[in-house]
Structures are given as C-alpha cells and as structure tokens.
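Look at the two complexes coming up: subunit A is in both, with subunit B in one and subunit C in the other.
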Partner chain A sequence: MSINYLTPEFVIERDRDRCIDCQVCVRQCANLAHSFDEEDQKVVSDDSKCVNCHRCVVLCPTRALTIKRNPLEFKENANWTPKAIREIYKQAETGGILLTGMGNDMPYPIYWDHILLNASQVTNPSIDPLREPMELKTFLGRKPEMLRVEDGKLAEKLPPQLELEMPVMFSAMSFGSISLNACESMARAASEVGIMYNTGEGGLHRNLRKYGKNTIVQVASGRFGVDPDYLQAGAAIEIKIGQGAKPGIGGHLPGEKVGEEVSATRMIPIGSDAISPAPHHDIYSIEDLRQLIYSLKEATNYEKPVSVKIAAVHNVAAICSGIARAGADIIAIDGYRGGTGAAPTRIRDNVGIPVELALAAVDSRLREEGIRNQVSLVCAGSIRNSADIIKAVALGADAVYIASAALIAMGCHMCQKCYTGKCNWGIATQDPNLTKRLNPEIASRRLANLLHAWAHEMKEMLGGMGINAIESLRGNRLMLRGVGLSDRELKILGIKAAGE
Partner chain B sequence: MDRIPDSAKRKRVYAREEVCVGCRLCEVYCIAAHSSYKNDLIKAFKRSYIRPVPRIVVEERKPISFGLQCRHCEEPECVKGCITGAMQQDPETGIVTNDEARCIGCWTCILACPYGVIMRDYREKKVAAKCDFCIENGGEPACVKNCPNEALYIGDVRESCDDAEGGPDK
Partner chain C sequence: MLVREGQVRIPSGCAISGIINKKGELFSGSDIIKSISLMHDRSNGLGGGFAAYGIYPEYKDLYAFHMFYDDTNAKDNTEHFLNKHFNVELSGKIPTRKVAAITNVPIIWRYFVSPRKDKLEESGLSDDEFVVRCVMKINNSIDGAFVVSSGKDMGAFKAVGYPEDIGEFYMLENYKAYIWTAHGRFPTNTPGWWGGAHPFTLLDWSIVHNGEISSYDANRRYIEMFGYKCTLQTDTEAITYIFDLLLRKHKLPLDVAVTAMAAPFWSEIDRMDEDKKELVKAIRATYSSILVNGPFSIILGFKNGIVALNDRIKLRSLVAAEKDDFVYVASEESAIRVVCPEPDRIWAPRGGEPVVALLEGVETI
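For the complex of A and B:
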C-alpha cells in the first residue's frame, strides 16, 4: 500500500496536567481517535481519526481536551487552497465522489445578515410584550378568495389549515437518516410547543403515531413507508420534490442502516439500500404534480392540507406559481444552505440559490399573479435564530422550517460527518451503541427550550416594531432595510436600502 | 390510606438502561467523592497514591449498559451476615452503610450480597467498600449528579427494592 497524502485535519491536544486517564474519551469516540495504552497505562490519541465533533471534549470531566485545526501549512496559494488540495488527494486515493453532511459551508453571502429590522420611535408606539398580548399563532393552508359571513358565522367551510402556536416547524428528517430517538425528541417537542415536525421520507414509526396531530407525513420519490394509514396519521402531507442541500439529486440510505425498525417503518427488506430516485417518476410536469396532489387529497378526504417542498433553484418563482396552480396548499422552499444527512460535496456547495432571494421572488410573483392567498409559504434552509425568522416572515414567509438548528439544540456539533453513520451524538446513526446517547427526554426539553426562547425574542422584535401579531408582519417588507447590497439584490428582495 | 408506608420516604438510585452511554463518569465521580479531594477530580486521581474503588460499576454487554450500585435492600443480607456489626442499616432511610472502623475485612458481606456491589478496598486497612448514598456529601449521590445523560436518577422506593422490576417507572 502506498502512502496516504492526507495529513490529519485536526490535532487533539491533551493537557497532561489535567488528564486523569479515566478513559471516558476512549469509550465515547466512535471514530476510535482515543485509546488506552495498557503498557504505559495512559490514554493516547490518534489525530488522523478525529472529526472534531467535540464529544470527548464535552464529556471530559477535567476539561483536559481541546481540538484545533492542524496548523500544518501548505505553501500559501490563494487559488489552490488547502481544501482544494486535500479534496484532490482524497479523490486520487479513493476514486469516489466526495461526500459530505449538513448544509453548504461555503462563504457565499448570507442575506439575513444584510437585512435590518425597523423599530418604532416617537411617531408610533412600540409594544411591551411582557405587558400586552402578542400573537404568534399561524395558520398554514389555502385561504379563500373572500369570506361570506351569515349570522355572525362563516357561511362556507375553510379549506383545511395547519394551526401552529408559532411560525416554526421542524423540517423533514427521516428515521433512517437520523435515529428514532432524534425523531421522537422532535415529535415530543412539537406536541409540547404546538407546532409540527416532519417525518421525511422514512415512514412513520409505530411508536410515533401518537404524535400524529403534530406530524407532517412526507411522500417523496421513493414512496417509502406510504400506505393509507400513514397518509391519515399526520396533520398534513408533504410531497418532497427537492431538497436545498442537493437539488436534483435523490437519496440513498445504505443497507447497513436498514435494520429491523427502519425496515418495518420504510416497508422495505432488512439490509436493502433505500434509494430515492432523483425525480418522482410519475411527475414530469405541473399537470402530473396536480394529479399526485389531488390523489393524496382524495385519499384523505380533502381533510388535510398538502404541501409541496422544492429546492430553491433559478426559476423558483415560476415553478412555485405552477405548484400553487396545481393545487398545493403549502409550498416549502428550501434554500441552498439546507442541511442533509449525505450529499455529494460538489452538489451541496454549488447548486441552488439563497433562500432569502427565492422567498422574496416567489412571494412577489404570487402576489403579482393574485394567487398568494392560495398557498402558504414555508421558508427553509438554515434559519439560525429568531431574527432570521422575523426577517423571513417580513419577506413573505408564513412560517419557517428549522432542522440544522434543531439538531444543534439536540447536541449536533456540525462536524458534517452524518454520512459516516458514526454520529457520536446519537443523532445521524442507527448504531444502537450510539443512538442511546440521545435521551429523548433531555433532547425534547432542549428543543422546547429553544422554541420558547425564540418565541420570546420574536415577540420582543415585533413589539419593537409596534406590531402585536405576526400576521401583521407577514410580507411587510417596509419593516426591512438592506445594508451592503446592490440595487439589483435590493430589487429582488423588494426592500429599501438602509437610510431610504 | 391510613398510613404512609415507611418505604414511601425512602429514596434509591435507579438506572435507565436505555439511555446509559457507558461512559463510566459515574465511576469516575464516585471515586473522587470517596477520596480526600471530594470536589477535585484532578487531585483525587493524581494525588491519591492508591485511589478509592468505585462503589458503582457499569455493567456492560454492548449495547446494553447500566450503572449498578448497592440496592440498599429492605432486608440486607450483608447486614445479617456481618460478624462485627460494622454493616448497618439506617432504620429511617433504609440506607446501608459500612462502618470502616469496625470492619475487619472478612468479606462475609461480599459473599452474601446478591448483587455483587460490595467492593474490596485495600487502600489502608482491608475493608469492604460500598455505596453510602453520598450521605457525607449531603445525600446527593455523585453518580446521579454527574450522569451526562440522566441515565441515573433518584426515585422513591415503591415496594421493595428487591422486586424484580428494579424500581418505579419514571
């Protein structure tokens, strides 16, 4: 075997004055970066195996460990960066496509950070959310053209609506791509807070059926786990056309992860690869999509809203117009920073467009066409905090999906190694030794805490703008100003520059 | 209910096998808690010439693992078997402790214990070491306090700690 040119990406620094050789790090690293040397009676580390997930660092009882980027330098070169060189070494070694996990980490502009919020001063009063009621309640679904009222009551039945206590949902992550404990944590938190979580294309495990009221069941190109009970089990159905992290690419859950439970839930044989085709092979047009939307509505007695999720791509506004006309009740737009359990690196880092621009373009287009009321818009793809949510709502979103943020709340440290199945935090793995590390009681509590905290912050920001209901902010782009953006970008976002 | 049974007041440490990560931090903190440096892990491990033995042991056959320590039985065999009266049960709390001053290290308790949770301690004089519910540290067991995944918890004794269920549902 010839020499491997790849040097360790990280170095593990062990403070020998603090290390007590208790071997907690040895037991916790699924990548086997730490080991106990019986002869010397001390713990030693192998830098080359470290993925910088911080599991050992966080569990070390004496804080003896630090992980640092390997200071080893290549000859400085602005073009041939260490990343570019290392990727070539890796591919020359393996002959394979580069794989990665989580969302696009390239330094593209983050438009949220170029948008600022308004606040009331003198001419209009701000509102103190601790003293006055503040409404975050959100309804997702088709809204009628007009309301007819008879005897003080609605004369016609409203189309089915999803009721959310705050405009946030957990986006689709399948059982298979993440552990059942992770799914359960989100289901529990969603039912506690009064929002939705999404099954992803993994079917619905029998233990999670009880959270049906807070579940969106997904139908994707592999149709895994779909049967009449499944469609009835949730509060809404989502057709997944695409995903922000890998637009135009399907999914592949390797057979090793398809154990007994995943197999039963996905309704596929144990150990078989679960391959989701890139397209739905029965959807090659808007008309085909309409057929599937109405098939699902028919199957569920027109009682559940149907959502269509697409990746934000170049022609997103026209596509969404088509989806709205095809009969979708909700459109979820997933930007290029959206996460994934596994994607080809080149796709993740180079395909798709920023969700901020996509969202603004879609909202403008649907308004121009007079069909904005026919669908609710859900913005997905790296919503990092409550300010991002407020900005998304002001740009035109009815609600947002969060996934990376939810995983981080549960313990994810963004090491981007989800695809290896060795997640040391018990999230992106099916290894029973690792999945039990995620205690659903703790994780659901942390998720609920995060949502409560964000709800408080959103109310503060709304109050500052003198708005007492999230409904009044929706599409209210006058509350936004851009900084450091070109005229063209401001135009697409539909916002003024700061100072205007 | 006419009378609250005694057992209602009694607390025990219970394990949740399904979330035990097998890190053995309970053992690490148990060692420190029974050393002369109760709140300093580094000194407890580096200064103690011979460390105390952990009084909780993680039983493991992967992926199953759980921390096991003295169950503080209602009718403890170790107390019955002790030939010097060193091993005693607190009538109020039911906590079983070993008075190391009176213990002669005959290991009768170790033979009698059905759970195998009494350890041999050779640090100074030869004595039996076992979980004392961290009474000296305020009765908050170090293992429970420091379990990173809440896989150990303190619960009320429902009936007998000897029952096959192993404790109350949480």
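For the complex of A and C:
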C-alpha cells in the first residue's frame, strides 16, 4: 500500500514539565491518539489520529495537553485551499464519498448576525422581567380561524395543541445516531422544563416511554420502530421528509451500531444496516403526504398534532403552503446549517438555503394566503443562542428546534466526527465504554440550565422591547433591523435596514 | 420632504376623554372640549379630534361618510366611486369656522348614503361589509382621498391642531350627541396630515387611543390576513380593526374580545375554574397574535355605548367616573372633575379590566 499523503490536521502538544504519565489521556481517547510506551515508561501521542475533540485536554489532571491546528502549510493558493487538497487525497485513497458530521461549516452568511433587535426608549416603557410577569408559553398546532363561544363557554374545542413553557424544543436525534444516555438526558430535561424532545427516526426505547408527554415521535422514510404503540406514546407525531444537513438524502446507520438495544428499538435485526430511503416510498407527491398525515391522525384518533419536517430548499414557501393545505398542524423548517450524525460532505456543504430566509419567506407566503394560523412554524438549523430564538420568533416562527446547541451543552466539542462512532463524549456512539461517560443525571441538568439561562435572556430582550408575552413578538418584524444586507435580502426577510 | 402618516410609522403619546349619557339624552360638545382642553399639555398641536354619536337623527338609517380631500380631483374621483356604489341622499360641506391655529385645511365633505341594491346583490355582502370594503377601497386606491368616518348617526371631526381649536373649528357646540369621545395627540414626528389625526373609525366603531403598542406588527400582520389594510400604520387603526374583526366578523362577546386584547397572565389563568380556564386558554392560543402588548388606554365608541380599556399591566393612565346618567373616562382625573366636580364614584380601572358603559336597555354591544 502506498503511503498516506495526508498530514496530521492537528498537533498534540504535551507539556513534559506537567505531564505525570498518568495515562488518563490514553484511556480517554477512542481514536487511540495517545498511548503508553512501555519501554520508555511514558505517554506518547500520534497527531495523525487526533480529531481535536478536547476530551483529553479537559480531563488531563495537570493541564499538560494542548491541541493546535497543524501549522504545516501548503503553498499559498486562494483557489486550492488546504481543505480542497486534503479532500482529494482522501478520495484518491479510498474511492469513497466524503463523510462528515454536524452542520455546514462553510463561511456562508449567517443572517442572524446581520439582524438587530429594537428596545423601548421614552415613547413606550421597557418592562423589567424581574418585577413584572414575562410570558414565554407557546402553543403549537392548528388554530381555528375563529372561536365559537356560547354562554360563556367554549362551544367547539381547539384542535390538539402542544403546550410549551418556552418556544424551544430539542430537535430530532435518533437513538442509534446518538446514545441512549443522550436521548434520556434530553427527555428528562424536556420534562423538567416543560418542552418537547424528538425521538428522531430511531424509534422510542422502552425506558423513555415514561417521558411520553414531552416526546415527539418521528416517522421517517425507514419507518424504524413505528407501530401503533409508538404513535400513541408521544404528544405529537412528526413526519420527517428531509433534514437541513442533507436535503434529498436518506440515512444510513451502519450495522456495527445496531446492537441489542438499537435493534429492539428500531425493530430490525442486530447488526443489520438501518437504511432510510431518500424519499418516503409512499410519498411521491403532496397528495400522498396528505394521506400519510391523515393515516397518522386516524391512528391516533385526532388527538395529536402532526408535524411535517422539511429541509429549507429553494421553493420552500410554496412547499410549505402545500403542506399546510395537506393538513399538517406544525411545519418544521430545517436550514442548511442543521446538524447531522453523518452526511456526505458535498451535500451538507452545498444543498439547501439559510433558514432565516426560508422562515421569512414561508411566514410571508402563508400570511399572504391567509393560512398562517392553520399551522405553527418551527425553525431549525443552527439556533445558537437566545438572541437567535428571539430573531426567529420576530421573523415569524412559533418555536425553534435546537440540536447542536443541546449536544454542546452535554459536552460535544464540535469535532464533526460523529459518523465514526467514536465520540469520546459518549454522545454520538453506541460503544458502552464511551456511552457510560455521559451521565443523564448531569447532562439533563446541563440542558435544563441552558434552557433556563436562555429563558432569562429572552425575557430580558422581550422586556426591553416593551413586550411581556412571546406571542406579541411572533412575526413582529418591526422589531428587527438589518445591517450589511442588500435590498433584496431585506425584502425577503421583510425587515427594514438599520436607521430606517 | 417629510413623508406623511401611512408612509411611515409614527409613535405618539396622547390624551383621551369620553362622556356618555346612558339614557341616550343628547348634550352639546362643550363639555368634551372643556375636558380634553384641560389636558392641553398631553398633546402638542399635531393632531386631535372628536367622535360624536346621535348627531344625525334625521338621517339615522344612512351611512354618514365624512371625507377629507387634498384637491378637487380626489373629490371628483371619490364622488364617481360613491355614485357607482351608493345612493347618495345628501351631500355637502361640513360647516367650519375660521380659526387662526387651524391651517392647511383640506376639502371637508360629508355624504349620507345607502348601498345601491344592485351592487349589494352583486357583491353578496352584508350592508356593513360592503361599506367596509368600499372604505378600504377609497383609502387605498384614490389618491388624496380619506374616509374620516363611515357610521350611521355618528361622525368624526378631526384635524391637525390642539383639540380645543379643532372643536371651535368644527363648531361642535352646535352638535348634540349622547356619546362624545375626544383625542389630543403628541406624535413624535411632525407629519401634519389630517387623516392621521384621531379618532380612527370604521362603520360606527370609533377609537381614541393613548399609547404606543409594541405588538403593532404582530397585530397588523394577523388582521391583514382577514382582508384589512393598515394604510395609516397607526396603533389606533390596528386596534379598530381588531375590534371589528372580533366583535362584528367573529361575533364574539365583548368580554372575549377584551380577554384576547388584554389577556390575563398564565399565573392568573391557572387559578381559574376548569370551564373558564379552557375558554381563556383557547382565546390566548387562538388569538395570540392580537394580544395588544405595551402601553395603551383606549376608548371604543359605538352606537350602543363606550368601552374603555387599559393594557394588562396598566402602562397608561385611565380614570373613570359616574354621575347620575353620565359615565366619564379620561386620561386624567382632572379632565373629569373639570366638567363633573362631584362624581358619585371615581376610580382607576385595573389593567385589562374594561369599563363598559352601555345605553339603558342594551344588553351587549
């Protein structure tokens, strides 16, 4: 075999003055970047195996380790970047599709960072959330066009709604792509905070059934783990058409990750590859989607809202209008920065559109058609902080999905190697030696902390704008101004430029 | 050149006042002028106006259109439109007197009309809905024309100036009404456009409003789904349409409309009995986009009475009083006491708690 043309991406620096050769790093690294040299009785490292996940750095008791980008440089070339060159080496060596994990990391514009929020000055008062009530409660689901009230009572019940204590939910991540401990951590945090988590397409593990009222169960093209009990187990059902990280592409959970528990939960044989087809093979058009939506509603006695999740693609506004008319109660739009456990790099980095533009276009379109109240909109695909949420709501979202942020809260360091199954943080792996590193007690606490912190921040921002209920911000685009955007972008976002 | 109201959103603070005689007895406009002018410093001379109910008893079955025109061209176009859609029983100039402080006067005209039967048939709409569509049409598509009011047996009188000058200008002491509401405006910009002054009206709804709502765009974008066009970009316009949507189109009781606009907090809802909780929850979930957030006090006038309402955390002042058959509401207590020194009862309504004063014998709006 020829030599590997790839040079190490990172270098591991070990401060020999600090290192006590305790071998914590050796035991922690599933990539085998560290090893103990019996002859020299000291720990050594192999840079080429390092993925820069920071596990060893964080756990080193003497802070002896630092990981740096390899300073080795190619001859300067604005066109043939190191990334472009390295990818060719990889493909020339393997003949395979390039794989990656997590969301699109290319330097496309991040519209959230070009949008600024308003605050009250003089003409109306800002409201202090420490002294006044500040409400984040949100209902997801179809709203009637009007209420009928007779003798002071509701004459017609509302269609089923999800009641969220704040407009945030954990986005779909399957058991299989992430560990059961990670799933449980989100389920626990969701039930503590009063929001939803989403099973993804991996079925619902028996241990997590007790969190049903905070669970959205997903039905994806592979239909893994779907049976009547599963549909009944959650508070809502989500049909996954697409995912922001890989629009138009299915999924593939390699057989080595399908152990006993994954197998039982997904209802497939141990060791078999779990392949989700690119389309649902019973949905080749919008009228087919309608049939599936109503099949699921029939199966659950019209007691649960049905969500449809799609990737943000070019024609997203028209597609969402169709989905609303097909009977969906909730539409989740997943932008091109949305994360994934594994996606072909070329797809992840080149397909789809920014969720900010997609969300604005969809909200405007549904309002123009007078059907915005028929569906709730959920914005997904790289919500990084509470300000992103506030901006999403002001653009028109009812709520947001977070996934990458939730993983980071649990320890993920964004090394983008989820697809290798060697996640040293015990998240994107099924290796029992690794998954036991993630303690649901601690991780759920961290998730709840994050949500509480964001809720506080959102209340501060709302109060500053003179608003004391989140619904008064929804679609309230006058609260937004754009900086550094073209007229066309401002028009699509439906916002004014700063200074206007 | 400054852009005028409608082309730009102009926040403003204000004074409001309202008086109703619950027996429906008519009284002149002098008390309301006195009341609103006491609050002179709450407005800045850039807008004011009055709404009066019961002023056209001889034409009470006809829609009274009060119009502003920038020029005769706008007037001709509008009259062409009106003749095409309505039977115009009577039209003429609204009488005014010269007042030094009131300048840049547009052409001010009024028409007493009923929808033409053939047009009504053709449209398949109710009388009221037909009128609403025509008002929207005129305001949106006839350049230089603005419908000031369009209700029956009522009218709005407004201008750029201080309210007391406006009252004098329109000779309101000569009108007799059983409801008067008034508005003095303090806009934080200087458009000086008569149409932008308040009250804002639609059919026989009239609104005077003090505040700057922070939910404006959420409210606007919701009601625009139901065919309303917010051409003025003012809170008052949006609030008027919200009332029209809830009370007239959706036929909801007043308390439901008030609950939607100034909703109780979830902590309070949690303490309600089950039926009530279910209803209020449904109201907040369904009509979440018309929760009016941020400071406001408003007086809604209509043929059967008035409703005064504060935002749910009372960020604007509002005082109410009763004396015999009269009910008074105003931004300040002094504005009531100046016309009614010894009321039987005077109180500051809580945030979100409406003051409803209906004509005797009338059960609901």
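Operating definition for what follows: the second predicted complex is superposed on the first by the 500 of 500 C-alpha atoms of A that agree within 3 Å, B and C clash if a C-alpha of one lies under 4 Å from a C-alpha of the other, contacts with A are read in each partner's own complex, and residues count from 1 in each chain.
Note that in this section contacts are C-beta pairs under 8 Å (C-beta built on N, C-alpha and C of every residue); 3 or more make two chains touch, one makes a residue touch a chain.
The structure displayed is predicted, hence computed values, not measured ones.
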Original post:
Mind checking subunit B and subunit C on superposed subunit A, clash or fit?
Top reply: fit
Original post:
Looking at the overlay, does A:449 come into contact with subunit B only (first), subunit C only (second), both, or neither?
Top reply: neither
Original post:
Which partner reaches more residues of subunit A, subunit B or subunit C?
Top reply: C
**OP:** Go through the superposed model and pick first if A:437 touches only subunit B, second if only subunit C, both, or neither.
**Re:** first
Original post:
Given the touch rule stated above, what does A:479 touch, subunit B (first), subunit C (second), both, or neither?
Top reply: second
**OP:** Have a look at where A:367 lands relative to subunit B and subunit C in the superposition and call it first, second, both or neither.
**Re:** second
**OP:** Using the touch definition from the top, say if A:315 reaches subunit B (first), subunit C (second), both or neither.
**Re:** neither
Subject >> After fitting on chain A: smallest Cα gap, subunit B-subunit C, Å >> reply: 34
Original post:
What residues on subunit A touch subunit C, complex-wise?
Top reply: 120, 122-125, 127, 132-133, 135, 137, 139, 143-144, 146-147, 149, 152-154, 157-158, 161, 367, 370, 372-373, 465-469, 471-479
**OP:** Sort out for me which residues of subunit C touch subunit A in the complex.
**Re:** 9, 11-13, 188, 211-218, 221-222, 224-226, 249-250, 252-253, 255-256, 263, 265-267, 275-276, 278-279, 282-289, 291-295, 312-313, 315
Subject >> Residues of subunit A that touch subunit B when the two form their complex >> reply: 17-18, 20-24, 27-28, 59, 61-62, 431-433, 436-437, 439, 441-442
Subject >> Partner subunit A, residues of subunit B touching it in the complex >> reply: 18-25, 28-29, 41-42, 44-46, 62-63, 146, 148-151
